[in-house]
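Following this line, the structures themselves.
Shared between the two complexes below is subunit A, which pairs with subunit B and subunit C, respectively.
Presenting the complex of A and B:
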């Protein structure tokens, strides 16, 4: 049971949604944009989250987009993980989301809620980091288009009152050779101890990580180290783990040294698979 | 059981349970007791357990974080009974409710100890625990 009262708003446009947010914010209602609700409801029920206003973005046409247009694949933030997997325009994304939560939850988790929520794993963000996607954001200062790296890589940098509307991906990246691996503590359905998504774009490999540190990220420095073919794979991997740019998590799922061990094996599998697929 | 020597992960493939039931009165119910009990035992042998912070607060108070085995993870169960009538029991039957639960953690730990080449005498038997136990063994050599 949710033990507090809140306003529920279902705006029909982006502008209306942003205005509703600002209005509720001015009344100190701590408003939240609401997608599928899986995270908000779960946390509200155990009193880990309180809000006085939920602004549901599912009636906004731009948030429900799912189409190819002018060489781009456009995904509305209110589309569910199940819908993205069924669409299957981006096989790496399909493979990633199919090993994320369970079917019942995927049916309601939206891509927008997943990448903007409080849970920091955000595994479905990784494929979009590999493709250098762009995002459309709506906020008090209007609608803007930005690189996914500026707003989402290595932590959330949305402005107050800003909502994700769409993710836009260049179509040429959708069918590159890819590989993803997820390792958990023991359960198949659990948060990742290590999640890697990787892509081979011709002669260059790209890598993105979740679960290892407290934010999902892609790093230029790691991409370069792993692409350094003058060194054998295990040396590259050791280098990357030694120079990991963020603190490695140590929590209920895994200690930091065990995480490094799992990461090392997962990276070794990833490099082997990519070299096989990418030639 | 299948054990991945590199990752220290494992999968339980088939479980054998044989009990002296005194006399089996209802074969379906008897099998159900054993299968349910073994499953419960394997769940707490492999993953269950409360985790505490330094203040003694339970960190996994919900089923989201306190994991139990899921339906799709069930091994194949081979259950059979020996019948030595128990003179004090009804129709010679003996209680069989808890045996599956009690026996399965020990058999999992023994199987994993052989596979991993190191004595595992703690629960739950997570891949991290096995990895740590093997690492300590290597250090001693």
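Presenting the complex of A and C:
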């Protein structure tokens, strides 16, 4: 059981949500935005997290959007992974989320909670990094639209009191050739040792990674190195691993050396598959 | 703006197995805890309480979720179905009993809910045939549909 009490608030609009957050913040309640709740409840139960107020975003209409409009695919932050997979507008995202958690957990995990949460893997973020998506954020300074790279690539950069409302993706990316690979320690559904999502956009390949370092990311340098067709694939891969831009994780799942080994093999598979699909 | 400062407790109306229940809950109470300790519906079990084992699985608006991962205060306005709500007459329960797969207790609630959901869809014909093979009731119902 969760040992501490907190206020639960269910605002009907973005403005109400932000105002509730600010009000709770002024009362020093350490408020949190609440989506699916799986991560918050788990961490609260073992006292890894304490809050005096939870602001549930699931009743906000903009957060429940799931539609195509004006050449864009618009996804509300309160949509569950199951709903996104069932929609299947973005097959790479579908494939990514199906390997991310079991079905009953996917029925609760929201895309907003997943990308804004404390669990650093955030695998479902990778397809959106590949498509250079934009995000709609609501906070004390109002509503803003930003590139996903400025807010989520390589770490969370939300202002205090800011909440993710929507992710907006250009439709032309949704059916590009893609490939994803996930390597886990033992179980099929588990935290990743290495997760790669990749996309072929005409004459250029894009890559995004989770599980290798402490943040999910996409790197221009890695894209350039892996697209350098003047070199054989194994040389490109070795270069990338030697010049990895972030510290490689070493933890209970895998040592850094083992991660590099797995990454090398996964990148080899990815390049082969992507070059075949992309022509 | 929704008000703060009520001390974290509130009265909620829950619709569980088709019946309405009024109860006072802490905001921090999970649906699992309220089902078991407030409503006496102990069919959903507190296994891991970490979203791993599935022993607490219930249906919320027809969708299987782990009730240890949901706050009770989220439940008003939604239909919650626990294992007690099946009444022991579900064809899938019958099938699992036929296979001597336990008394459908504990962690296998998750299996039960998942199997039920699959059988209600057309995308898993093999599972439907499997369950039909184990459940005379299900087989008869399927035959009547044809």
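We adopt the following convention: the second predicted complex is superposed on the first by the 279 of 279 C-alpha atoms of A that agree within 3 Å, B and C clash if a C-alpha of one lies under 4 Å from a C-alpha of the other, contacts with A are read in each partner's own complex, and residues count from 1 in each chain.
The working rule: a contact is a pair of C-beta atoms (placed from the backbone, for glycine too) under 8 Å apart; a residue touches a chain by one contact, two chains touch by 3 or more.
All values reported here derive from a predicted model rather than from experimental measurement.
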item: Combined model on subunit A where subunit B meets subunit C, clash or fit; value: fit
item: First, second, both or neither for A:16, with subunit B first and subunit C second; value: second
item: Subunit C versus subunit B, contacts on subunit A by residue; value: C
item: Touching partner for A:54 - first (subunit B), second (subunit C), both, neither; value: second
item: Subunit B versus subunit C as contact partner of A:258, first or second or both or neither; value: first
item: Touched partner set for A:189, first subunit B, second subunit C, both or neither; value: first
item: Superposed arrangement, angle subtended at the Cα centre of subunit A by subunit B and subunit C, nearest 10 degrees; value: 60
item: Partner chain(s) touched by A:103 [first = subunit B, second = subunit C, both, neither]; value: second
item: First (subunit B), second (subunit C), both or neither touched by A:42; value: both
item: Lowest inter-chain C-alpha distance for subunit C and subunit B in the superposed arrangement, angstrom; value: 6
item: Footprint overlap on subunit A, comparing subunit B with subunit C; value: 42
item: Of subunit B, residues touching subunit A in the complex; value: 6-7, 9, 46-47, 51, 59-60, 62, 64-65, 67, 70, 72-73, 126-128, 131-132
item: Parts of subunit A lying in touch with subunit B, wherever the complex brings them together; value: 42, 46, 183, 185-190, 252, 254-255, 258, 261-262, 265
item: Subunit A to subunit C touching residues, read off their complex; value: 1-11, 16, 19-20, 23-24, 27, 29, 36-38, 41-42, 44-45, 53-54, 56, 58, 82, 102-105, 107-108
item: In the complex, subunit C residues that touch subunit A; value: 1-2, 4-10, 26-30, 33, 49-51, 54, 57, 63-66, 68-71, 73-74, 110, 113-114
